[in-house]
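Order of writing sets the chain letters: A, B, C and D. Residues in each chain are counted from 1.
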Amino acid sequence: MTAKIRVTVWNEFRHEKNKEEVRRIYPEGMHAVIAGALRRDGGFDVRTATLDEPDHGLGGGVLENTDVLIWWGHTAHQAVSDEIAAAVQKHVLEGMGLILLHSAHGSKPARRLLGTNCTVKWRVAGERERLWNLAPNHPIAAGIGDYFELPHEEMYGERFDIPAPDQLIFVSWFEGGEVFRSGCVFERGHGRIFYFRPGHETYPTLHDASVQRVIVNAARWLAPLRRIDSARSMCVREPLEKIGGAGLPAPCN
Amino acid sequence: MTAKIRVTVWNEFRHEKNKEEVRRIYPEGMHAVIAGALRRDGGFDVRTATLDEPDHGLGGGVLENTDVLIWWGHTAHQAVSDEIAAAVQKHVLEGMGLILLHSAHGSKPARRLLGTNCTVKWRVAGERERLWNLAPNHPIAAGIGDYFELPHEEMYGERFDIPAPDQLIFVSWFEGGEVFRSGCVFERGHGRIFYFRPGHETYPTLHDASVQRVIVNAARWLAPLRRIDSARSMCVREPLEKIGGAGLPAPCN
Amino acid sequence: MTAKIRVTVWNEFRHEKNKEEVRRIYPEGMHAVIAGALRRDGGFDVRTATLDEPDHGLGGGVLENTDVLIWWGHTAHQAVSDEIAAAVQKHVLEGMGLILLHSAHGSKPARRLLGTNCTVKWRVAGERERLWNLAPNHPIAAGIGDYFELPHEEMYGERFDIPAPDQLIFVSWFEGGEVFRSGCVFERGHGRIFYFRPGHETYPTLHDASVQRVIVNAARWLAPLRRIDSARSMCVREPLEKIGGAGLPAPCN
Amino acid sequence: MTAKIRVTVWNEFRHEKNKEEVRRIYPEGMHAVIAGALRRDGGFDVRTATLDEPDHGLGGGVLENTDVLIWWGHTAHQAVSDEIAAAVQKHVLEGMGLILLHSAHGSKPARRLLGTNCTVKWRVAGERERLWNLAPNHPIAAGIGDYFELPHEEMYGERFDIPAPDQLIFVSWFEGGEVFRSGCVFERGHGRIFYFRPGHETYPTLHDASVQRVIVNAARWLAPLRRIDSARSMCVREPLEKIGGAGLPAPCN
């Protein structure tokens, strides 16, 4: 029996409380819909956490006990404390998987880990998005055909200000004329990050079967073998081979 | 006539003042030796800046007027202000080239731009380093043969905690038994970064002709075509193509 | 004074002879239009070569004296001799630049160098193509804005069966609903390859100013520093360091 | 219950018959040792095939029923028929995993799939090799620490004439002064390739526990989700979106 993968679904969870149009689609919050998809799969231990909980719901050992963290944030990126953002970065670098959904491209964890502005072009016009599958044999794309469509989504357009992804899984076509790298894998430290574009709060995107399939696939694939701490450089005083050169090893200070 | 490339050589410049063994090798500071090599080439307008100047010598429009910034830092990474580190990051993302020398792997600009711990194994034992040239047709390696050697250097060993480089130029062999990715190109935002490993302060590495050649090559290759500001996402209210979908574009707010 | 870059423009040159609609657009052949753009730039020594010449116009030292080869082929890929295809591969691996235009994705040189099927989805329906610029500070994209448009082009759609490009410069949006990686840099051996998608023979694409700009930019950027022959493995009988292990070096045979 | 991964271990199997020093180490052939390691793991259905069998042991549906092919070849690369080499390439592009061991860098399947010369520096001097682990959280490196050592191996040195690997897992240090990219993942078509350097026939390398561990790990990780045929471009006559442009779609011919 394989141990279940421990997933924490983090959501800003403010639109659902403040905007009627969002509450109608996600009455219990977007995190609840994502968590439901993971629970139905059966392979995950799922918990949720939200911005307005103490420590944003990520204190008290939650990150230490999370294999994969899913992050949805939008208007309140700055309300996330630097401490928690640094802790998320630290845990990813040790091996924790991270799925960045939609507007999480601008979140503190995304920008700290990727190092760029992570900016986009955008438009909310209810347009059609078609996500083309560039990696049909990648585990993240399992069960996805040549493409899948979302009838109404926010547009994100290039140039997406990210480092070149380590793997490019999806590229989106938008009805209004733009394209976007919509599924991007980044390896950072000992962990893996998957940016997945869909998920605007005013559309029922997270209820879509293909979107849920990709998130479930990614949660499985991002789970690390183990955690490794690489926060400190390490002095290796005793060389592996004899050194014939100038002087003795210096003390490690 | 091509305009000269404007290079700023930044140095922590403390070892040279505090340690006799360093001052003997670099009496005017390591920045002076690097600046000299660039000036002899003739293709650069060179200035220097050091940690203990106001704004670390990088205020007052210096970064705005720098095509390529060279950075050497070691024991005083934390003495660099967050404001200046953020300004360096901003300018690299807009296009400014950045050469990170030796222990600058742990500097604030490096860690902000790369997002990882950037840690290494290390040992100061005067051992031989041989840098193998993996990209002999890359402009950074122009004039370098199959390899070049440094008789005495600090060892840096893998695992080097960096994102996979966009281009790997040099890999080092160390007498004591380690290897290291010693020449790494990273593209971030609209700028390029070159990490170059050699340059420990207690050895005359920066006087070495091959090391100077690589730095000069890199300074030329990293110079950007132009500066581009991508700090903000951009609302594209008017689509390029007619959208037949649900509802009108939302206002850009 | 910098030496001019020597470019050879190779064209299958059959459509222009067999199809009236193509001859109308390219009366002297597509190669003549490309060569004209390069000549107007002034930085190139340009010659042309076509399929039906002896050795396809590439014998007698032409490849040895070519810095960058531009290749357009479509219906007669199989008519290119294996010898010439192997020679093109050999020269690219030694450093010669190669620009593969449009349907050259299926050419023998492309498939030999990339190793994959290089297949695409396609449709000829006079639809609009918009090429988004993902790398505005890359020399290949110099002078190109956020995007450029072609009013009528053949569609190529993903999944494009190529290795992950070393650099992704353009991604196309098509009116009919597809996307495509339209500008791809690959480094192979000591040479660089640029695949550039536009250029269907029944449209005046190669007369387009942006298309010509990209081709001219690429021809400049792909020119190698030098030619390097790596066709044979090399025995290094004398080690650089003393070996204390078992037995003497074996003879190099 | 998960289905077993079907592995075919292919060996040139000539050194073991012609050279006493090789037969002593691998009396039943190197393929037998590799197959034994896979069988002890329990997760694989293992068969073997050798050069001098009809169709090199790879006809009659063997490749169609192989999830991962392991390839060891050295002096007889040219004795492999072009038909079988093309069939291996075809199956990798459809998804079959391929592990290239040691001197298989120069094999026909390697060169067809990678497109480069794949040449190396080399020396047989019984020297020590230390393989540094650059990707300790990658499934291929599961169970491997910071490095592992082989007391006596053939040296392979850079520059290794390969395309930049999609993932770099190991870099070797050699006693005689060279370095080498010893564990390289390449994605080609719908399949994955792992080049793994160790395995010279005159040393007992393939009996080494770490080497066997890496091969077993790789065989598990390279198994594809499915086979996908991308050998032909596909005409998409009916566009997904309405095209307002010039003329009707052309027939698909």
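The working rule: a residue touches a chain if its C-beta (ideal position, glycine included) is under 8 Å from a C-beta of that chain, and two chains touch if they have at least 3 such contacts.
Model, not experiment: these values are computed from the prediction.
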| Which chain has its C-alpha centre farthest away from the C-alpha centre of chain A? | C
| field | Higher-contact pair (C-beta pairs counted), A-B versus B-D | value | A-B
| query | Taking each chain's centre as the mean position of its Cα atoms, how many Å separate chain B from chain D? | reply | 36
| request: Return the distance between the CA-based centres of chain A and chain D, expressed in whole Å. | output: 32
| note | CA centroids of chain A and chain B: separation to the nearest Å works out as 29
| message | Show the residues in chain A shared as contacts by 2 or more other chains, in ascending order. | response | 130, 136, 157, 159, 164, 166-167, 175, 177-178, 240-241
| task | Spell out the part of chain B that touches chain D in their complex, as residue ranges. | result | 130, 132-134, 136, 146, 157-159, 164, 167-168, 171-174, 177-179, 181
| query | Residues of chain A touching chain D in their complex? | reply | 95, 130, 136-137, 139, 142, 166-167, 175, 190-191, 224-226, 228, 240-241
| Where on chain A does chain B make contact in their complex? | 89, 93, 106, 112-117, 119-128, 151-152, 155, 157, 159, 161, 163-164, 166, 175-178, 186-189, 230-237, 239-241, 243-250
